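Following are the structures in question.
Here chain A shows up in two complexes: once beside chain B, once beside chain C.
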Partner chain A sequence: MRLKKRPPDFVLFLTVLMLLCVGLVMVFSASQYVTMVRYGDSFYFFKRQLLWALLGLGAMVFMMNFNYNNLKRWIGPIVVTGFVLLTVVLIPGVGTETNGSQRWIDLGFMSFSPAEMVKLCLIMFVAFGLAKKGERIRDFKEGLLPYLVVMAIAAGLILKQPDLGTAMVLCGTIFIMLFAAGARLFHLGALGGAGVVMVGLAIALEPYRMSRFLAFLHPEADPQGTGYHIIQSLYALGSGGLFGMGLGQSKQKFLYLPENHTDFIFAITGEELGFIGASLIVLLFIMFVWRGLKIAVTSPDPFASLLAAGITSGISLQALMNMSVVTGSMPVTGVPLPFISYGGTSLLFTLIGIGIVLNISRFTNPR
Partner chain B sequence: MKQNIKKLSYFLLSTFVLLLFYLTYITFQQGEELATHPQNRRMAAKEAAIIRGTIYDRQGVSLAETKWQGQAGQRVYQTVEHVFPSAHVVGYVSERYGSSGLEAAYSKELLGLTEADAVENLLDKILNRTPRGNDLILTLDASLQSRALALLGNRRGAVVALDPRTGAVLAMVSSPAFNSNTVKDPEIWEQLNKAEANAPLLNRATQGAYPPGSVIKLLTGAGILANHVDQPEKTIDCPGYVIIDGNKITDNQVHHQVNFTKALALSCNTYFAQEGVKLGWHNLLDTFEKFGLNQNPDLEIPVRAGTFAVAERRNKSQLAETSFGQGDTLLSPLHMALACSAIANQGTIMKPYLVKEIRKPEGQVVRLTESSPWLSATTPEIAGLITQGMVDAVDWGTGSGASLKGIKVAGKTGTAETKNTQDPTSAPHAWFVGFAPADNPQVVVAVIVEKGGSGSKVAAPIARDVMAAALSGK
Partner chain C sequence: MKTTNILVRRRITCLFLLAAAFLSLIVVRLAWIQFVRGDELREQGMVNRMRDVPVEAKRGSILDRNGNELVTSISADSVYAIPNHIEKPDQVAAQLAPILLMDEAKVKQIITKKSRFEWLKRKVDFETSEKIKALKIDGIGFAEESKRYYKQETLAPHILGFTGTDNQGLMGMEAAYNKELKGIQGRIVIEHDAAGREIPQALHQYIPATQGNNLVLTLDQTIQHFVERELDKIVASYNPKMAVIIVMDPKTGEVLAMGNRPTFSPTKWREVPQSVWDRNPAVWYNYEPGSTFKIITAASALEENAVKPNDRFYDPGYYQIADRKIRCWKDGGHGSQSFAEVVENSCNPGFIQTGLNLGKEKFYKYIRAFGFGQTTGIGLPGEARGIMIPEKDATNLNIGTMSIGQSIAVTPIQLITAIGAVANGGNLMKPQLVKRVEDYKGNVVREFKPEQVRKVISNETTTTTNQLLENVVFKGTGRNAYVDGYRVAGKTGTAQVVAERGGYASGKYVASFAGFAPVNDPKISVLIMIAEPQGGNYYGGQVAAPVFSSLALDVLRYLGVPEQKNLPKPTKINPWDVEEERIEVAVPNVVNLPLEEAQKLLREAGLAFESKGQGKMVYGQIPESGALVLSGTTVILDLSSGTSQTKQGEQVSVPNLKGKTIREAGNLLESLGLKLEPSGSGLAETQNPAEGAKLTRGSAVKVEFKPPSSDQKT
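Presenting the complex of A and B:
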């Protein structure tokens, strides 16, 4: 496969840059109050996010010029590293506990969340494996089972933290890749059913998830308790109107809504930049899906196709989940909004993924 | 594989488009409601920068106004002897506890945030003026309000007075009242919500649930005449009791021969129990519905619609009890006042309203409430016959405590047993509904005094004074 190298997909590159800029502005706007209260520096989170964004952009440009075919050789070590880190974070003393969950490894100057990395590792692993399998994917035992086992172990470890949202994004992404690779619909349907039952059990067996789920159905039943997030988030979106209250004018971030610079940043955007700002983000994501999957379709290499499709759909699935939570269309599951939410590891690995997709775009058939 | 990825992209793109639609729906369909929801603390925060409009009574007396003090506005409510007589209607605004009453229902208008205010708000921004909201002019009469509250004294209860010709609510008080100025103080808020405080924040006039006692006989009577169960002149013999389904119902006295009007005037239980059973559940409940007892008149403040015996409990003795006002029926004073206004207004209930006008600060009228009929409850002929019974009640029957010198008053008392098994000595609820002048009704009054005693001794004199004050005030 020796195609002449082309320049990377410029539209995707630009879309990602725009999302990144909106994100930086919104992280600053949403966190200036909470950081002022907590750290006495309203730029505290912004500076960190900017640092991670620059690091991420560097990594993206590097990956953009790093031939993705070379990744194939590194799949084994990458997956092993991911699993080791995912196990290590659960060891008390190594992983730091915040809000009752153990998600980060503290590196002193910054904290690192292995689950974000494992998502990308697993996408590479599955893409590599499925591309080699070809038609054998239609066989359950030989084609599907190995990936399902690996996925289940990773999801189990992430659930142990516990982080249901990330586990759901991971499983959903792998599921989408299995579909893209041509798995039997009957198998996928059965697995999907099993997945729904598992998520149902995960909700029913954990009281805090159960109460979140009930709060999703009737947020008004307990506006000060379990329904608080949803109601406050809808108040923020509703108060924004068409044009918003203006950048920096959100009332929500004055500590009405916790996690406003991470999981609920979309609500702040809606309040400050209005319907126009919020729908701009959605439109940028639409653009992102379109370009990302177009690259997947036009790539002649099955591995590259699956990799681009996996990375693109993983990010968009997470974005969809986050925005559904904020608009009250889904129970509260804490996942960050890709490119926008505060969170260094998430941003870094998202941008590395984009770098890979951009590199793939350089080997596509021009049409 | 390519085909599948294409399908995947259609799926993902359509979910994003769906999300966009939902976002549109939230912003444009629900946005207003979310933005102005009383629990949404942004409204309270916004208020800091806006001079909230003034709320006036019908005579121009200020009930609530915002006084600008330095950087922030201070909402000041009218107080009479440490309470705000119109607290249950006007409500309160507090950054901590949200808002209630008309302050909540008309928040947008009072803050000048409706579409009609867009031009002014833009001008305010350009000229850097402090924005001012719209004023409300209510139908209430402040002096009547404080008079009615004073008449209730330290007893629990409520008074509703309205103009039967228009539906304008002239008075609406609930006792114990509270002071809207001090609600924002956490200590006072806690006290108001304590059990022993007897729920001062509850608007008993619209949300109270009381057994109606004999005042319901006005409606049972309307049902009896409308369904031709009896001719009005037909008499029955009252031996002082009646046996329905094996249960003996004792009357207040032996009334001997009574016809329709006499039965109303003397509040004869025998007549209404016996004839109510003949009327039957279907026709009785149909009559109650026509008088709006189980309906919500959309008054813009919370109203509890009346409730009747559930279907499983609708047997014959429950029917007899419901016919003369006991049983499972629970009503608010507002509903009784509205039902009585049908009798006063030739069978038609006008839609009740509290806000007469909305005005811009410069005096320009934004909205003027026009009175409109709400329900057609009964015919003018039946209303006339019931009026005759009510006039007799005040002239020489149970309602004589409400008679006024030189003015013909129509009224009906009620003494509702509360069936308190824990406290057998507890007094019944005292009720009175009526209107004056009987031949040209201008005011309808409903009074309830919780566990106050007999309707004729306790509630009728309060109603008399409220009616006198309302008529002299015009």
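Presenting the complex of A and C:
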């Protein structure tokens, strides 16, 4: 084990910084009209997001210099805390209810979303466990089952909120990690099939999910109801064309596109910055995956490798889902676009994860 | 510690490729949305953000045949509210309510609605809108709308019709030609946010409205004035239930004027009963034409050679078909006369004979060919078809009565159109009200040319018929229609009003005159129909013919038709020497029949009825069965058992009959169960017993009739 540290991966750092900056600008542009109408302050969301970004960057720099190996000792308490918070948020009075789901714990000065934290906790837990198992991962009962059980509990609690999007991202990330760790493709295939069935059931059992699911296929059937989000999102993207309407020139942000600073910020980005701007963001994410996974491949030990791969894939999977929803390529599942969407807890834990990956990058083998 | 194994590295590489592939697909998807569907989505998004404020098109005008505006549109402000923009609804409501003359709570309710646009009040007057404009309230706006303006409010409202609040045509021409008149609505389009506020740097678009087309009618404003004037005079003199005058150009079928009473003002139509504005009697009212229909009988019979002007007829004073004796209006009959004289005298038996000579099949053929039983296609809403006994059910009695214009109901427009065909040489023209449709610049959009429906009778026949009809005015029953300086042809008519339950309504008449002038080159044909005139006079020759005389003179002079000098003048007409259609029927026996059956029998016999007492069986009837009475007489049905015998011997007091005609006196006495024993002719002079005397029912009253002294004028 080399103890001499190298500087962290500069490309990844820069990519993340660029995404973060685009995000801040877009949060301001997208939310400016809504906040003006609602709070009488165009900068209302921007100021909060800026604060969270600075806090997140601080956390990132801290984690960048915090030896990832020391994380192993904290995994137990972290996972327990995560689960406790995930349970607590469901207690009426503790968790704040917005739009019919209970996702946040109001801390007075800020709202905290435990699900965002639990995602990172579980990635660490699974990476730690799988790294220890080594070759035994090929055994279903011993290698896979424990993690699946933990994952199922977490996902179940998140679904209770309910937050299908985050639960899907969580399960997808763990699944990717099992794949990366070398689980047998037969097991993964069976698991994948089971997952599809479960998601299918989750959709079929909740009427609102079912109607949303159908709306994605034919949004124009109910333009004022279930198809509304997708149609307004497509109007925004379509209006953008190649070069976009220009920064700040979105028309769909005038209360037409709901969640335009959170889940649908990518649509406003596409409207204002056009195909060029939107594809550049996709490109930055491709770059992010490339650097993140490169760090995973070149990392010094299986724990680091799986941790970097898990964090990178978690963020990328969420980005992919978000952009698919915005472009009308999959049913509407409310997940924010990492780095870009408004949302403090999400940004904070994403940047903490990046800090961990950057820390791992300091121990990689140069090839 | 061992480094990451090969499998893990391969799997992670695989992951990267997958992620890169999926993310690339997003780029492809973006390209599809932003390039391929870009324009379409941008357009849809824009439409979605645009809110329309409609701009009403100026409704086209309605002009008379000479281009005089009858109805036009003027602009008026309408006040609307954008509830989202109103900050202090209470204060605004308090300010606006008194100016708009609206309830404050109502104003507040409107301006606090969850809506983007609400009308507060439509088409307010100039002062009101100026006052509100001066207040400069946010969220209160004005839209310029148009309002119908009638140059002469009382002119032809049934034809012009009227519009509703949204300027939609509701009746008359406004409804029939609504599509042409309304134009195409324009729009002001402004980009809004989803809550309805105008957004910064919003797109604005103004799509101007296209003004509606103008309608040029066949009406002549001046002739219409004459008609309205004559109608006013009729109302003043006779206060009839209904009156219709139609003036038509017989050669083209163009309606030059058409007026009705009762009438209304198009701006205040809500203030009169619906029955006044929702139908145009000239095209809707089915009535028995009476003797005016004899024109059709004569023309058809002459065309088929069923009769010649010199054929001899003998009128003993009645014509009997089956159990009915149809009386000539002249007591004792006209004796021996030629067909020409039959027409002049409007002799019922002569016409019945003519109709029967013509025969059912041919008579029906001509009735249909003249357009009866079907709508004329004049293009006004609510046109009726008239009522005809189906040909297969028609009996000889029906043919006989139809020959004198009974047992058939026609509309005024049908009759004047048919008479136009007699006047113009035999061509049935489609009646027309619209000459053309023009756009607002005056370019012709659609033109309606005179349309011949069919050739009904030959020129020769019409020449003969017209000669006969001219004599009606010159020396027959229509002498009151004579117009000094013009050759006039026409026919009077007096018919009983068909009761709602069948039979005839006793004492209710339709007086009419149909005629045309000048005979040698007809410029106008005119129908005057007065339903249920009040005040004693009800004969077509007395009531309607003088209207023709006065109207035709003004119209012919206005049209510049040259007067003919040295025309012979008709001899003076005696006021009582006017026709009166009478049908006598034998009262059927209805005693001991159920009420419904009795009513049915009486209805079929052309009698009215009235029930006395409670019950379902008829125990007595007055007059008794077998009595010959005028059709339309009321038969009193006694429904209380056990009293019927005493009823017969009941005492009644004799009314005052002085000044009544034979018919009036007879009707009055019959209704009391008394009999008339008349002597002489003219008006009742003396009676025996005198007024107030008690008589048992069934007794006779002797009345002497005398022509009134010559200083009495009517």
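The working rule: the second predicted complex is superposed on the first by the 366 of 367 C-alpha atoms of A that agree within 3 Å, B and C clash if a C-alpha of one lies under 4 Å from a C-alpha of the other, contacts with A are read in each partner's own complex, and residues count from 1 in each chain.
Keep this in mind: a contact is a pair of C-beta atoms (placed from the backbone, for glycine too) under 8 Å apart; a residue touches a chain by one contact, two chains touch by 3 or more.
Predicted model, so just to flag it, every value in this text is computed and none were measured.
Touch criterion not met for A:S211: it reaches neither chain B nor chain C.
After overlaying the two complexes on the shared chain, residue contacts for A:Y33 are found with chain C alone; chain B is out of touch.
In the superposition on chain A, contact of A:S111 is made with neither chain B nor chain C. When the two complexes are superposed, the chain touching more residues of chain A, out of chain B and chain C, is C. Once the two complexes are overlaid on the shared chain, A:T81 sits clear of chain B and of chain C alike.
By the document's definition of touching, of the two partners only chain C reaches A:D301; chain B does not. In the superposition on chain A, contact is made by A:N365 with chain C only, not with chain B.
Judged by the document's definition of touching, chain A residues 176, 179-182, 234-235, 237-242, 251, 256, 270, 274-275, 278-279, 282-283, 285-286, 289-290, 293-294, 296-297, 302, 305-306, 309, 313, 316, 320, 323-324, 327, 329 lie at the interface with chain B and also at the interface with chain C. Contacts from chain A toward chain C in the complex involve residues 1, 33, 37, 176, 179-182, 232, 234-242, 251-252, 254-256, 270, 274-275, 278-279, 282-283, 285-286, 289-290, 293-294, 296-297, 299-302, 305-306, 309, 313, 316, 319-320, 323-324, 327-329, 365. For chain C in complex with chain A, the residues that touch the partner chain are 1-5, 7-9, 11-13, 15-16, 19-20, 22-27, 29-31, 33-35, 37-42, 44-46, 48-49, 191-195, 199. Interface of chain B with chain A (complex): residues 1-2, 4-6, 8-9, 12-13, 15-17, 19-20, 22-24, 26-28, 30-35, 37, 39-42, 45. Within the complex formed with chain B, the residues of chain A that make contact are 176, 179-182, 223, 231, 234-235, 237-242, 251, 256, 270, 274-275, 278-279, 282-283, 285-286, 289-290, 293-294, 296-297, 302, 305-306, 309, 313, 316-317, 320, 323-324, 327, 329.
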